[in-house]
Amino acid sequence: MIDLQRDGAVFVLRFDHGENRFHPDFLAAAQSALDEVEKAEGPRALVTVGTGKFYSNGLDLDWLGANREKFEEYLRSVHALYARLIELPAPTVAAVNGHAFAAGGMLVLAHDAAVMRDDRGYFCLPEVDLGMSFTPGMNALIQARLAPPVAHEAMITGRRYTSGQALDAGIVGQAAAEADVLPAAVERAASLAGKDGSVVASIRKYLYRDLLAALRGPVLTPAAE
Amino acid sequence: MIDLQRDGAVFVLRFDHGENRFHPDFLAAAQSALDEVEKAEGPRALVTVGTGKFYSNGLDLDWLGANREKFEEYLRSVHALYARLIELPAPTVAAVNGHAFAAGGMLVLAHDAAVMRDDRGYFCLPEVDLGMSFTPGMNALIQARLAPPVAHEAMITGRRYTSGQALDAGIVGQAAAEADVLPAAVERAASLAGKDGSVVASIRKYLYRDLLAALRGPVLTPAAE
Amino acid sequence: MIDLQRDGAVFVLRFDHGENRFHPDFLAAAQSALDEVEKAEGPRALVTVGTGKFYSNGLDLDWLGANREKFEEYLRSVHALYARLIELPAPTVAAVNGHAFAAGGMLVLAHDAAVMRDDRGYFCLPEVDLGMSFTPGMNALIQARLAPPVAHEAMITGRRYTSGQALDAGIVGQAAAEADVLPAAVERAASLAGKDGSVVASIRKYLYRDLLAALRGPVLTPAAE
């Protein structure tokens, strides 16, 4: 489901479970892998990557449908993954090998940098078309990482961004051919791995203190309660 | 003064009163028209458009000069129009057929999307050159919808943005020839009309909760009081 | 160390002290020069410029090393310079003739506009590579003036921006050849000098009220205390 490999200073966390939706087991495995990255010694940086057509399609709606009573607890664990990346004492790069939709797109936004495949795959926040709203933590994450006109268009229109459009919008910082997405992300991560992880984390924690508070606060908006 | 027509899923609200300054009758007519859009059934989206050289030049300074005792009440009604658009349960597109100045430019910013005429007409916040400040609600609207460097330049320098410059700055999302501005806005609105208006409004209301609070708060800044 | 000249409506404040690091005498001289600009009559605007390869390299780490007990007082005086520019009743333009690093880069961000030399020199926030964090006031300044993806990359990766990259990122608004940086900044300042300085200051003070509060609050982040 999730596989962590270290190559020199770069850890590659590969999501390998179809659409890479956030099943509770997936979330637990991701947290365990991040424990390992956090405990490691020496210069290090993290790359996350999916498999095939999907980086991640976000919430596991099938599981949620069968476990409605765990809705809030589940959303808290998704928030916790975003918060974990923001607090991770190492630079992070998303290798967006395919679709990054909804909560999976927001996972991209929780990284320090992102490289996106340029021939196929979209970044998309389709909640508006699914009749869903964004949690306070998700609102805070999107607003903390995207310019106001981009956040508006992504959230209100559910636009599907190609890599070129995502690059222009500042959603990702780099585009690459399919075969080059992971190597480019690893190269970017290696270039950042020399930074003191505790300093990186310290800067992020203060910069995003309001976001982190929102990710640890209520998962329902007042209107949705 | 104001005319509302429905063509399929798209309502076109045309401002047709010279410079389309916000006379109290204009504001009341706009609110009535938005009542009608809100009450309508089925998929729908709204386009607003001016006439001739003007989208809107903003506050009706002549009327204000003759009714100084109504200054705050008047500004509250301008704020209310912005808030109404942000809460409208339907996607909204501004067809910027000509000048969008001051409070008229801010009206553009209260829409979900904007198409701007590419041969003539400016987006401009000239308050600095008129010796005026921005109300707390106007500050919040501009800051909620524009990237920081754009908000700064627009507010502090009073720059007149052509459509190309407004596009680059993220003030509008599309430019079109004069004859194509309204058709392009209608096409954009039609493409958004299928979204569930109540979901659109719900997402906007939480995303812009601080802005909506500012639009309903005091209309004078502490310094101006 | 610092020299103030008036040419018509434009005051040129030249920093001429090597790397133009913020020695306490430098900060005091800058404040005195700004007193003079503030007291002057008639239309006016300010240009700041460095000399040779440096606009400013920021904090005077040598002085700080020898005066550790004055750390907080010193940071307060740096914050005060940023706040002074934001409140100055005149438009301000940075002529970025060379390196603008760390607190010197943030000084650029405290101006209304900036022109950057296009063949050499970087804008860079290298704190992450120096093991330093940003004060609450510095966080607020960077976040108030840069789009979220730009603030993130600048602060977390310590990227060195050339003038072209800084222009694309919205860090500066104009690039120019070495010999044209100051003339272009003076021309830009002259074009803004006709604005009523008290209105400019009034708009800035409300727009940046949270930033000004942060610049006057604690200089240490909770984590650093």
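Per-chain residue numbering starts at 1, and chain names A, B and C are given in the order in which the chains are listed.
We take it that a contact is a pair of C-beta atoms (placed from the backbone, for glycine too) under 8 Å apart; a residue touches a chain by one contact, two chains touch by 3 or more.
What you are looking at is a predicted structure, and each value in this text was computed from that prediction instead of being measured.
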| item | value |
| --- | --- |
| Pairwise touch network: line, ring, star, complete, or other | complete |
| Turning angle required so that chain A lies on chain B, C-alpha fit (0 to 180°, nearest 5) | 120 |
| Whole-Å separation of chain centres (CA-atom averages), chain B against chain C | 34 |
| Residues of chain B engaged with two or more neighbouring chains | 143, 147 |
| Interfacial residue positions of chain A with respect to chain B in the complex | 127-129, 131-134, 136, 139, 143, 147-153, 155-158, 221-224 |
| Residue numbers on chain C that touch chain B, as the complex places them | 91, 112-113, 143-147, 170-171, 173, 192, 195-196, 199-200, 202-207 |
